[in-house]
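Here chain A shows up in two complexes: once beside chain B, once beside chain C.
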Partner chain A sequence: MISRRALRRGKSRVMVGLMGVAVLVAILPLFLILASLVIEGASSLSISFFVNRPAPVGETGGGVAHAILGTLMIVGVASAVGIPLGVAAGIYCSEYRGTRLAWVTRFVADVLNGTPSIVVGLLAWTWVVATQKHFSALAGSIALAFLMVPMVMRTTEELVRLVPDSLREAALALGYPRWRTTLVVVLRTALPGIVTGSLLAVARVAGETAPLLFTALGSEYFSFDMDRPMAALPLVVYKYATGPYPEWHKLAWTASLVLILVVLVLNVAARLATRQRFDRA
Partner chain B sequence: MGNPSTPPDLRSDASSGSLVGSARGDALFKWLLIAAACTIPALLLALLYELSSGAWPALSKFGLEFIVSGTWDPVAGIFGAWPAIFGTLLTSLLALAMAVPLSLGVAIYLTEFAPVAIRRPVATVIELLAAIPSVVYGLWGIFVLIPFLTTSIFPWLEANLGFLPIFRGPIYGPSVLAASLILTVMIVPFIMSVSREVLLAVPSGQREAALALGATRWEAVSTAIVPYAKSGIIGAVILGLGRALGETMAVTMLIGNRHEVAASLFAPGYSMAAVIANEFADAAGGPIHESALIYMALLLFAVTVVVNAAARLLIWRVSKGRGGR
Partner chain C sequence: MSGPVRLETRGLDALYGDFAAVKDVSLRFPANRVHALIGPSGCGKSTFLRTLNRMHETVPGAWIKGQVLLDGEDVYARGVSPIQLRRRVGMVFQKPTPFPFMSIADNVAAGLRIDRSLDKSRIAEIVERSLRRAALWDEVKDRLGASAMGLSGGQQQRLCLARSIAPEPEVILLDEPTASLDPQGTQRIEELVFELKEEFTIVIVTHNMQQAARVSDTTTFFYLGAMVEHGETKQIFTAPREERTEAYITGRFG
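Moving on to the complex of A and B:
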């Protein structure tokens, strides 16, 4: 009897130990990837990297300023469309949560969040590139906006739902119409959470490559024209990583380092912003 | 939860609005919100419609033959997606086989055994893996993972397990196995974070009852907690499958991009998303080539919609108690 008990305890310890090892194995890649990025990419970080275009093949130096500008413009336009739509849809699904439309929207948003981004890129291609007969940054922005709407909608919905009903009731009891209650009381209370959700969505689409491949296409030049092809950081990483030249690989590492710093800073900032207010787990 | 910092200014409302006016404002506001909410289902329908109509020429020409045929010849205008479909399924299932035990181990450890102080930080760090752009995984895979695999892991596998056909044959760098490994790393945070949420929703009475009956801590987990959360965990796994099926850039950069079904995991292959990523921007075979690629996207879309819908329904069933989802 005693040995059986010891056996069960031993098994329990072994299993718990194995799960502890799983944690280490799961964390390891993050550190390996960050270490490679710093080792390979940090040495080329310079002022020139942020203000110049790529140098001709064979020459060292040069930068990806055109792609940084492109990413800012493409993601900026996408956010200007995607965030307000997503927030409004999220408010609807939370403030009118019992309706059938709210259920359908929530469910479809979850499905769309799992849809491959390249498929969403094809929709933007069909609507913009195929009708205009040329690639354009605007098509890229539209693809990214399509990706953002369901993401922002889900976070907004969950955070607006956390606003206690007593706040809504207080405002309504004071004679506020429902729309002002929502905008002035509910939205304001949930604002930090909505900012978090939006930042996370921006961080995600800023690294998206696949939907830009056949919309924004990429370019070697500075451009402010949304109607023309435009460079973007992820496209630069893809092109230079798969290209044949060592100088290109170097640029790809450094561009990745910049990209990941932006994404991680957005992520950490987003998490810190709402940590105290909406800590539910 | 904080109150708004300034009290609402009631006078402006009292002077400006009669009850009728506020009702009109309410109706307008509601319709605006409804319009915004409708964009999401509309997006799904638009995707279905545009992909179907774009795929129609290829769909009517090749029919279901497209799915089982292995010839992909843009010059001759003959398209069969089987190698890409096979590669997508193989890499995703391999990745799932490696990622599921790993992420469930992490999720269980972080909800049941880890010191309370490190639970959230560790979960957050692992979730950051999901924030790394796919193209950065691809870059890292090309220049760090593949050289490591070809110099140490692949030769070892061939030497020790080479009697299996899957570990035989010439070692290329880019391969099905390399793509599966990067996919594993990429889907672990998704499966981990959803199953952790599901496990957190298990009432503590489950655990306490098992412990009170004399179960060890592992027995409490395996007999009382995991079975309770089972359908949610299955949902999390299916969600991970959906991610793996649609993952594009990292796979494109690591799988070798060859329209071929090989027995060896060391051989290059192709995936559906990778074919679209590589060939769509300049579809050399003209309109029918383009249509075949859209057909491929339609198949991929249909599969991921089914997979994600199933996953969501399973997860909602478990976490319904929490937050009324």
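Moving on to the complex of A and C:
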């Protein structure tokens, strides 16, 4: 007969093993995607890919620098609008959680979170492109900002709610006005999490293709004009991947890899910039 | 009792909606004394304490009837700012509440930076003096820029004490300041309370009757929201006038 102890230990091993398998299954897709990106895309990666415009069909070389710039600009403007709005709405919904407006806002945000991104693109098309009668990068930014607001809002709300009431009380008891308590103490305490949530939102919209198809449209040229069509990495990937030439397919892989790298660099940079700095004790 | 009256309540009721947590309390707290509030859980002593710096009203639905006078002036009068009041009446809570994103020095300076434009060297001076008064200076002087979260619970509580005395309030409210501390940390805080009454008027809520007996000059016993007995600490603990007070301090209930 097996001892109870051995039985318990055996059960524990089986359970821990099952959890390990679950973790592997969960992260496997990520590694498969990254691996195929590197295998298919890394061979065409070169300096010129980062600094040049696309070469005409038939010629080799060329790059996606115009699309890197475009993605940074479109996503940058979307973030500048979407993140502050989302953070502010999130703070409201958490600090004034009992109000009817908070309830409505939360509900609308959840619906918006579940809305397909192409629908949001269509909205931006109707509002901006159709009224202005031309495609523009700004329309793309607006579509992306729409997608960011509910994501940023919900994370901010959850994180602000986690700030213990005792900290709010401590600040109020020191003579902080309510608005300063919220801004300085509550927001500052929740900031690392809000940064993470915002970065996830940035990463997600940086890869969105559908809302840009009929707003920013895409372009073959360098452009700083938000009022004109602009290139973006997802659009480049879409164009090259659905194109007829094998070289284009290769470029699509490489552009995808670049997109992942851009998101990675943004993540690291934002984390370094908002890191908590203390002297060594 | 001696000295001018620093803080006084007149017919004070503290309510949450319809429920009166504190009923008709009239008390006088002379300056530079330690005043202990004792009583079983839920007797209203913490709620009473929180009416003194108008923290009570930060809870939704909470309101008061009656008066609270600081140096003879009603702190609930029209035009009195609770924000200004809280700079004159500091508070330390049950659990240490250092701001996690601030360094040790910045925590102490938090109350100084609200709207006053003190220059850096002046702030550094006040930070040092406050930490010395809270008996924490020697332990943290070499790591003022480090996170306050690296301190022990007892050190964090003394840091909170330093933070509340830095803006030079007249009164310090202590809401069970040693409830989460070990005996050593408790002893340090008690010694501090005894020293700090030279400069401040202190009102302390405590569950620990030995603590009340050790640190306070006057003691008030609360029961079911009402003030049962108030007097010199010695008298309350050796010759209580009320039967309920005697029952409580001898441990027969509560």
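By our rule, the second predicted complex is superposed on the first by the 229 of 281 C-alpha atoms of A that agree within 3 Å, B and C clash if a C-alpha of one lies under 4 Å from a C-alpha of the other, contacts with A are read in each partner's own complex, and residues count from 1 in each chain.
Simple rule for what comes next: contacts are C-beta pairs under 8 Å (C-beta built on N, C-alpha and C of every residue); 3 or more make two chains touch, one makes a residue touch a chain.
A quick note: this is a predicted structure, and the numbers were derived from the prediction, not measured.
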item: Partner chain(s) touched by A:176 [first = chain B, second = chain C, both, neither]; value: both
item: A:98 touches, of chain B and chain C: first, second, both or neither?; value: second
item: Chain B versus chain C as contact partner of A:204, first or second or both or neither; value: first
item: Which partner, chain B or chain C, touches more chain A residues; value: B
item: First (chain B), second (chain C), both or neither touched by A:134; value: neither
item: First, second, both or neither for A:22, with chain B first and chain C second; value: first
item: Chain B versus chain C as contact partner of A:153, first or second or both or neither; value: first
item: Chain A residues contacted in one complex by chain B, in the other by chain C; value: 164, 167, 171, 174-177, 180, 185, 188-189, 281
item: Interfacial residue positions of chain A with respect to chain C in the complex; value: 98, 164, 166-167, 169-177, 180, 185, 188-189, 191, 276, 278-281
item: For the chain C and chain A complex, residues of the former touching the latter; value: 53, 55, 58, 60, 83-84, 86-87, 90-91, 93, 95, 97, 99-101, 103, 110-111, 114, 143-147, 150, 160, 163-164, 167
item: List of chain A residues in touch with chain B within their complex; value: 8-9, 11-12, 15-16, 18-23, 25-27, 29-30, 32-33, 36-37, 40, 85, 88-89, 91-93, 95-96, 101-102, 104-105, 107-120, 122-123, 125-127, 135, 146, 149-150, 153, 158, 161-164, 167, 171, 174-180, 182, 184-185, 188-189, 203-204, 206-210, 213-214, 217, 234, 237-238, 241-242, 249, 252-253, 256, 259-260, 263-264, 267, 271, 277, 281
item: Of chain B, residues touching chain A in the complex; value: 1-4, 8, 10, 13-14, 17, 22-23, 25-26, 28-30, 32-34, 36-41, 43-44, 46-47, 50-51, 54, 101-103, 105-106, 108-110, 113-114, 120, 122, 124-126, 128-129, 131-140, 142-144, 185, 188, 192, 197, 200, 216-219, 221-222, 239, 242-243, 245-249, 253, 273, 276-277, 280-281, 294, 297, 300-301, 304-305, 307-309, 311-312, 323
